[in-house]
Amino acid sequence: MGGHAVDSDTVFSNYQAVTSKTFVVSLMCEFIGVMVFTFLGSTVSDKVFGPWVNGLALAIWIYTAANISGGHLNPAVTFSTLICGFYPLIHSILYIFLQIVGAIFGALLVAALIPDAHVSMGDGAPGCFDNTVIGKGLTHSQLFGWEVVMTFTLISVVYACGVAKPGHGSFTPLVVGLSLVACAGTGGKWTGAALNPARVIGPLAVFKCGNNVAYIYILAHLLAAVLACSIFAFVSGWGPLSPFQSMKQLGLSWNEAVLMWITGSPPKRFQDNDEQNITDVLAKQAKQQEREEAEEDGLPVHKDQA
Amino acid sequence: MGGHAVDSDTVFSNYQAVTSKTFVVSLMCEFIGVMVFTFLGSTVSDKVFGPWVNGLALAIWIYTAANISGGHLNPAVTFSTLICGFYPLIHSILYIFLQIVGAIFGALLVAALIPDAHVSMGDGAPGCFDNTVIGKGLTHSQLFGWEVVMTFTLISVVYACGVAKPGHGSFTPLVVGLSLVACAGTGGKWTGAALNPARVIGPLAVFKCGNNVAYIYILAHLLAAVLACSIFAFVSGWGPLSPFQSMKQLGLSWNEAVLMWITGSPPKRFQDNDEQNITDVLAKQAKQQEREEAEEDGLPVHKDQA
Amino acid sequence: MGGHAVDSDTVFSNYQAVTSKTFVVSLMCEFIGVMVFTFLGSTVSDKVFGPWVNGLALAIWIYTAANISGGHLNPAVTFSTLICGFYPLIHSILYIFLQIVGAIFGALLVAALIPDAHVSMGDGAPGCFDNTVIGKGLTHSQLFGWEVVMTFTLISVVYACGVAKPGHGSFTPLVVGLSLVACAGTGGKWTGAALNPARVIGPLAVFKCGNNVAYIYILAHLLAAVLACSIFAFVSGWGPLSPFQSMKQLGLSWNEAVLMWITGSPPKRFQDNDEQNITDVLAKQAKQQEREEAEEDGLPVHKDQA
Amino acid sequence: MGGHAVDSDTVFSNYQAVTSKTFVVSLMCEFIGVMVFTFLGSTVSDKVFGPWVNGLALAIWIYTAANISGGHLNPAVTFSTLICGFYPLIHSILYIFLQIVGAIFGALLVAALIPDAHVSMGDGAPGCFDNTVIGKGLTHSQLFGWEVVMTFTLISVVYACGVAKPGHGSFTPLVVGLSLVACAGTGGKWTGAALNPARVIGPLAVFKCGNNVAYIYILAHLLAAVLACSIFAFVSGWGPLSPFQSMKQLGLSWNEAVLMWITGSPPKRFQDNDEQNITDVLAKQAKQQEREEAEEDGLPVHKDQA
């Protein structure tokens, strides 16, 4: 296939050992991606391009990061893949930390490059989610509801296109970006359309804006992450790191299963070397099984079929 | 191929036994998809993003549902695939029922999350297709004509991209969504651009709006469904469940053929087990035939060629 | 690969024997496609969606027609593929005729479904290219220049994505549509952005508008068709029907070569049966050659590799 | 696979011997592409379509040029691939020269086809980057910062989608174009969103505009090119022409390595014939290695495995 399509595994559910260079590079990707996404999305001021700049900036940075870090770029996405068993706890904590630091640096860039913007300027600063962007007459419950529905939409797209098999390959980043365009195109005038805790925390930290509503946004994002994971687990089953799944699939004890969910590393007895993760182990098992079936059928086996 | 592309069969013409978990999940998908699509599409109030939010929300929810339910999300699409022989009657009735319930819940969500909106508020409520959205001077016949042309466009895209072979794989949901953007971009100002009976019935049930014109929209959608199916049947032939096709292809009696079109299950003599549907049966036959041809040619056979 | 991608051959350079059912269906596709494209593109009246409706309506109808008629939908495209040797003369004449008839029916649909529009209403009718859409101060030479540059862009995209190998498969219809969006987004305010003789002739025939400038548009489209073909022939060589190519490649006499360019049928001695076209003949030769090379290398040959 | 997807190698990092016809054609492609891109992008005057026309015109011309010249269309991209070791020095100089000449001809076309535009009209001419497009209150440092961030985004997308393996195949031109849409959608009102030295130099040469700020734009583009290359080299390693890489990979001396980076031709001892470039040499080595491994495993080898 010549490497021109993202494997469904890679997008949103790929991870490497914490000590590997690839993982350091992944963290850097999440940092840079969220930083520039926050900068571009925060500085757009007109109504006509607001949803487009946010959605397209997200899409292009997911494309850029997809084959390295999986292109989460959103603590709600990372949190959801964590609880659903696709991402280990340690990795998730580091991702979320770097995403938030990225958003803070993005907001600092806004303060540096927009005339009249300056640190600690309070509500109304570029990119803030505060009372100046919340629609007239919207109650806090409605604000919460809007952000839940929109974030649920975005994370459902992530699961269906980038985690489920068969997914939608290299379409995934585009579709995730377009889901932000669609949500921001209507919800933008009611909530500003955050859909991402880092986008709330970054400007809050730099501009001291939206202190009184930030928790509503963030709780909504986390609830949506749980909802999307629940439905995906019902539809397609838990991820391979979830103790519910790994105890059944690999016959692990509860302690082993929880440890694997925390560290991402399968117990030593399943690994040929130190850096193998659960995907490698499952792939090895699948290959072994395929080989056995092929031998039973008496058919030739191809080393690198597609 | 690593599962990164939707098989043409899957989109819009895939179905499972009514009693299978997959089918229950499919119904859930249609319900959630239409609910959120209706919510996002109904709440957009400005002229600049109306067509985009509707088209992109449709596209992303078809992407999300495509590999599970086929991503119909529209009773006119389901009705068309039913009469063309791609979807069984029982399945279609349940799909259409869930799509309409989804649209009603979507309209309820609108009532809950938009300030000043409330149940039974009548014409002019968000998402309604009533005299307040119909263009000045447009006659009822012209309203009917516009909705026929636009819905015919949308369903033709569904057939050409998602049912015909070769189709356009993972492009299909995007192209269907863009066809709604194109139609709503011009027809929106004349009819509001429904193209979907559920989108008409949902708000009507919740807000009591558009009572006097709803039937025009719905009849137009059904006529467009028949037109698109007729042309597709002329171009590419009937679907495998159509009695015209199954009597010829499998040698069924008229009664057997009609029963299969109703239930989706081929007569027992074609099935190895209870849950096999017509696609499985035809695939088995095709595989058998391919194997025979290969043996004649004396060539090696690959178990899982791409 | 499961048929989910358009083969580059199919898009824009596929054709069948004039007497085949496929060819009749192709003509029907060109007719319906141009009709609805003209209708949707003519009725959009606001500046914000004009380029989008035109570009997306073109894209979705090329998607719909691509695997049947090749999705020309534009006499300038057909004319260019004719002179470049990708499409036979008889087929091209019939395509262009049906495209123009489609555009006329599209304009009639406009007259029927837009309040206040009526046949023979003259300049200013919806979808017309006349002095009411030509930008203030634009000379006839500048009008000509704009349409040449824009149409050249559109046809170059057709060649590079849909005729050249490797091309861009199922991206092609989208890219062609986006090229119309880009051109109409800037040139729309100067010329109305026709890029298609049928779009000029259809409204002219129905509404009697633009009589004094139609020839400028059409000549510009034809010149752009010649320019795009010239550059493509320089870059990638003539098409297989071009006498320059077929005399060299198949060793035909001048008379045989011209006859093949007119009818699309290779001389009898190259055909196994009556309906084989040049693509089939060349594919047969290529397969034969591949088989010979494989035998030389002593490698196994796969019947249906990918 | 039928040639319907761009190989990741082809886009942005493909090159041919300077003396080959393909290279002449590549230069022509870069010239025409930048010319029409400059023309379309310069003439769009309304705020609603500015970012779209620029981004989509870039996307479609990259699609058109991708399989021939690699679709650079931007001296900053060429410069970045040069210093990162993906493009030879001689080729890069000729590319950049033709891109600038293309932009000048594009600006001349603007002067010819826009009423009231004329050569040497100074600041405010269509397509100029001068004080009339720079946002009120923006300092020169902020102008520099904006162009660095935006150009860095565009070139990062080029690397991640079109140079890295696995990349995103035929999605690449679209994603690059959308990155320009996203950047211009917000940065357009501050800097005009050039992201491309040729787009600055072309109008400057023809209209004599922006003399006092052009150097800021161009230095920003070059810095962004270096930044994007540095990060890519850290993440994925240097390109095959970089002396750092070729000394290690092919065991070249420093002089040989530098000569190869300048000319693009590997030392004679690695070539079977005069026109082989580094990609051919590496592909030959990879094939050789694959063959040896297959023989060790005792598995059959396929000649043209997808």
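By letter and in written order, the chains are A, B, C and D; residue numbering begins at 1 in each of them.
Here is the rule we go by: contacts are C-beta pairs under 8 Å (C-beta built on N, C-alpha and C of every residue); 3 or more make two chains touch, one makes a residue touch a chain.
Everything quoted here is computed from the prediction, not taken from an experiment.
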Set of chains whose contacts include both chain D and chain A: none
Topological distance between chain B and chain D, in contact steps: 2
Chain at maximum distance from chain B, centres defined as averaged CA atoms: D
Same or different residue numbers at the chain C/chain D copy interface, by half rule: different
Euclidean distance of C-alpha centroids - chain B vs chain C, Å: 30
Whole-Å gap separating chain A and chain C, where each centre is the average of the chain's CA atoms: 42
For chain D, residues that touch 2 or more chains besides their own: 1, 5-7, 48, 170-171, 174, 300, 302, 306
Interface residues, chain B side, partner chain A - complex: 1-7, 10, 25, 28-29, 32, 36, 39-41, 43-46, 48-49, 52-53, 56-57, 59-61, 63-68, 109, 112-116, 170-171, 173-174, 300-304, 306
Complex interface listing, chain A residues touching chain B: 1, 5-9, 47-48, 51, 135-139, 142, 145-146, 149, 152-153, 156-157, 159-161, 164-171, 174-175, 178-179, 181-183, 185-187, 189-190, 231, 234-235, 294, 297, 299-300, 302, 305-306
